[in-house]
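Data block below; observations after.
For clarity, chains are labelled A, B, C, D and E in written order, and residue numbers in each chain start from 1.
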Amino acid sequence: MFVAKVTGSIVSTQKVDSMRGQKLLVVEPFRLEQPSRNQLTTTGRTFVAVDMLGAGVGDFVLISQGSSARFTPETQKLPIDCVVIGIVDSVNIEKQTVYHRQSEESSTARGQ
Amino acid sequence: MFVAKVTGSIVSTQKVDSMRGQKLLVVEPFRLEQPSRNQLTTTGRTFVAVDMLGAGVGDFVLISQGSSARFTPETQKLPIDCVVIGIVDSVNIEKQTVYHRQSEESSTARGQ
Amino acid sequence: MFVAKVTGSIVSTQKVDSMRGQKLLVVEPFRLEQPSRNQLTTTGRTFVAVDMLGAGVGDFVLISQGSSARFTPETQKLPIDCVVIGIVDSVNIEKQTVYHRQSEESSTARGQ
Amino acid sequence: MFVAKVTGSIVSTQKVDSMRGQKLLVVEPFRLEQPSRNQLTTTGRTFVAVDMLGAGVGDFVLISQGSSARFTPETQKLPIDCVVIGIVDSVNIEKQTVYHRQSEESSTARGQ
Amino acid sequence: MFVAKVTGSIVSTQKVDSMRGQKLLVVEPFRLEQPSRNQLTTTGRTFVAVDMLGAGVGDFVLISQGSSARFTPETQKLPIDCVVIGIVDSVNIEKQTVYHRQSEESSTARGQ
């Protein structure tokens, strides 16, 4: 899995039938900045993930990929390879909290 | 999943039997340009995807990869790892629409 | 899937039993050159794929990866993650043919 | 699989039900430094893995990805694509030990 | 699949039960050097693969990844995503042998 920031959403009306009603989020994988590891920084990549947890723009989420994206009750038969499995409250590296959901408005995360 | 632009198609006559009649699109994954995230830009990569939705050159599509590509009624038994699961109408980032299908003729997307 | 050029083959006598008799091709994924997209160029990567279609050195082939490589009659139970599912006749980008099998002797594809 | 260093953990309260109680580690894949191959160095990437072995920050672990992450008794039905399958005692390259768990306090591994 | 050089091994005593007794090799994917394609060169990446064929340090092996790593009699239920499916005797590119097992002592492969 990886940690990603929700940056937006996509709309698609012509799609595979089983995808009707699925919420499609645009997410951007983040990584720890090197060598300090004291903040999250964007990888610059762009993915689309199905979300059933109510994540919103600006949230950091935990993303699972591949066949495992079908191992939730709602996604079992969907042709999807990327799903939100959690909304991240905090990322703790060594003895430091490098991301905390409530304090994010004042975040200094790069690439934000 | 990821958003990709349809750039063309491939023709193959000698192929695995189950692939007969499948439409093979050449697609190019796009990502949000950094750091502005105000337009889509190409990753420069080239994939081939099966399409059953009627996507055409210039369309942006939603692509699913891996075993999930076999989770549509038409692709269940195909030896494919990449399929179009939707035609993208719009990509919305924060409060901005960075891609809208109807307005794409006048698009300024880089790498187009 | 992706388009790759067959560059050679490998020989392995000590191998998993089910792999006996399998033809192992060395293939090199190609991509459209940017920003023109008017020819194929190598990615510089090297993969090994099982082939049952009779592809030869110099041919461009369509490659499927992952579990889907086991979705052909001959490869169902093999421990393989990469298979040739078609020999490419032509790659057509926008209104241009950037690769055509018969004309390849005089090709100007870079990285060839 | 790959060798990764445990750098921290993440907390997520809103998550897919089956994920309740799972320990989520932040891990960083390492590789052999080139061309000497005499120490491990970070790839700079960041993953999140489920751990059931009690790995702690600073440990090197063996990570398995994809559907195989579901092939342990505890993870069979989880929507996860990354799991710790072992805690690494030593990495031995040619005739040299480039990492040994007990001696790691005095390690000179770069990117640490 | 890809061709990789065996560079070492790892030892892990605390591990998932089903992994007991499995030999864990450190392997490094190689690719054809560009643009000549006349020798193998390292990609600089580091993987860990299960081996049941008796490969040793210095051998080139054929590696299969993902769920296919579980398609050998010995690995069916293991949580592994990377396995040695053959020991490479030779790699033949166009009309040249760029690697031959017996002659490897005098090899000029870069990144060795």
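Here, a residue touches a chain if its C-beta (ideal position, glycine included) is under 8 Å from a C-beta of that chain, and two chains touch if they have at least 3 such contacts.
Just so you know, these numbers come straight off a predicted model, no measurement behind them.
Student: If you take the chains that touch chain D and keep only those that also touch chain E, what is left?
Tutor: none
Student: Fitting on CA atoms only, what is the rotation between the copies chain A and chain E? Please report it in degrees, nearest 5.
Tutor: An angle of 145 degrees brings one copy onto the other.
Student: Hey, how far is the Cα centre of chain B from the one of chain E, in Å?
Tutor: That pair's centroid distance is 33 Å.
Student: If you average the CA atoms of chain A and of chain D, how far apart do the two points sit, in angstrom?
Tutor: Distance between chain centres: 21 Å.
Student: Would you give the residues of chain E that are in contact with at least 2 other chains, written as numbers and ranges?
Tutor: Residue numbers touching two or more other chains: 66-67, 69-70.
Student: Under that contact definition the chains make a ring. Starting at chain B and heading to chain C next, list them in order.
Tutor: B, C, E, D, A
Student: Under the stated contact criterion, what part of chain B meets chain C in this complex?
Tutor: On the chain B side, the touching residues are 7-19, 24, 26, 28, 42, 44-49, 57, 66-67, 69-70, 77-82, 111.
Student: Could you list, by residue number, the parts of chain D that touch chain E in their complex?
Tutor: Answer in residue numbers: 1-3, 30-32, 34-35, 37, 52-54, 62, 64-73, 75, 83, 85-94, 98.
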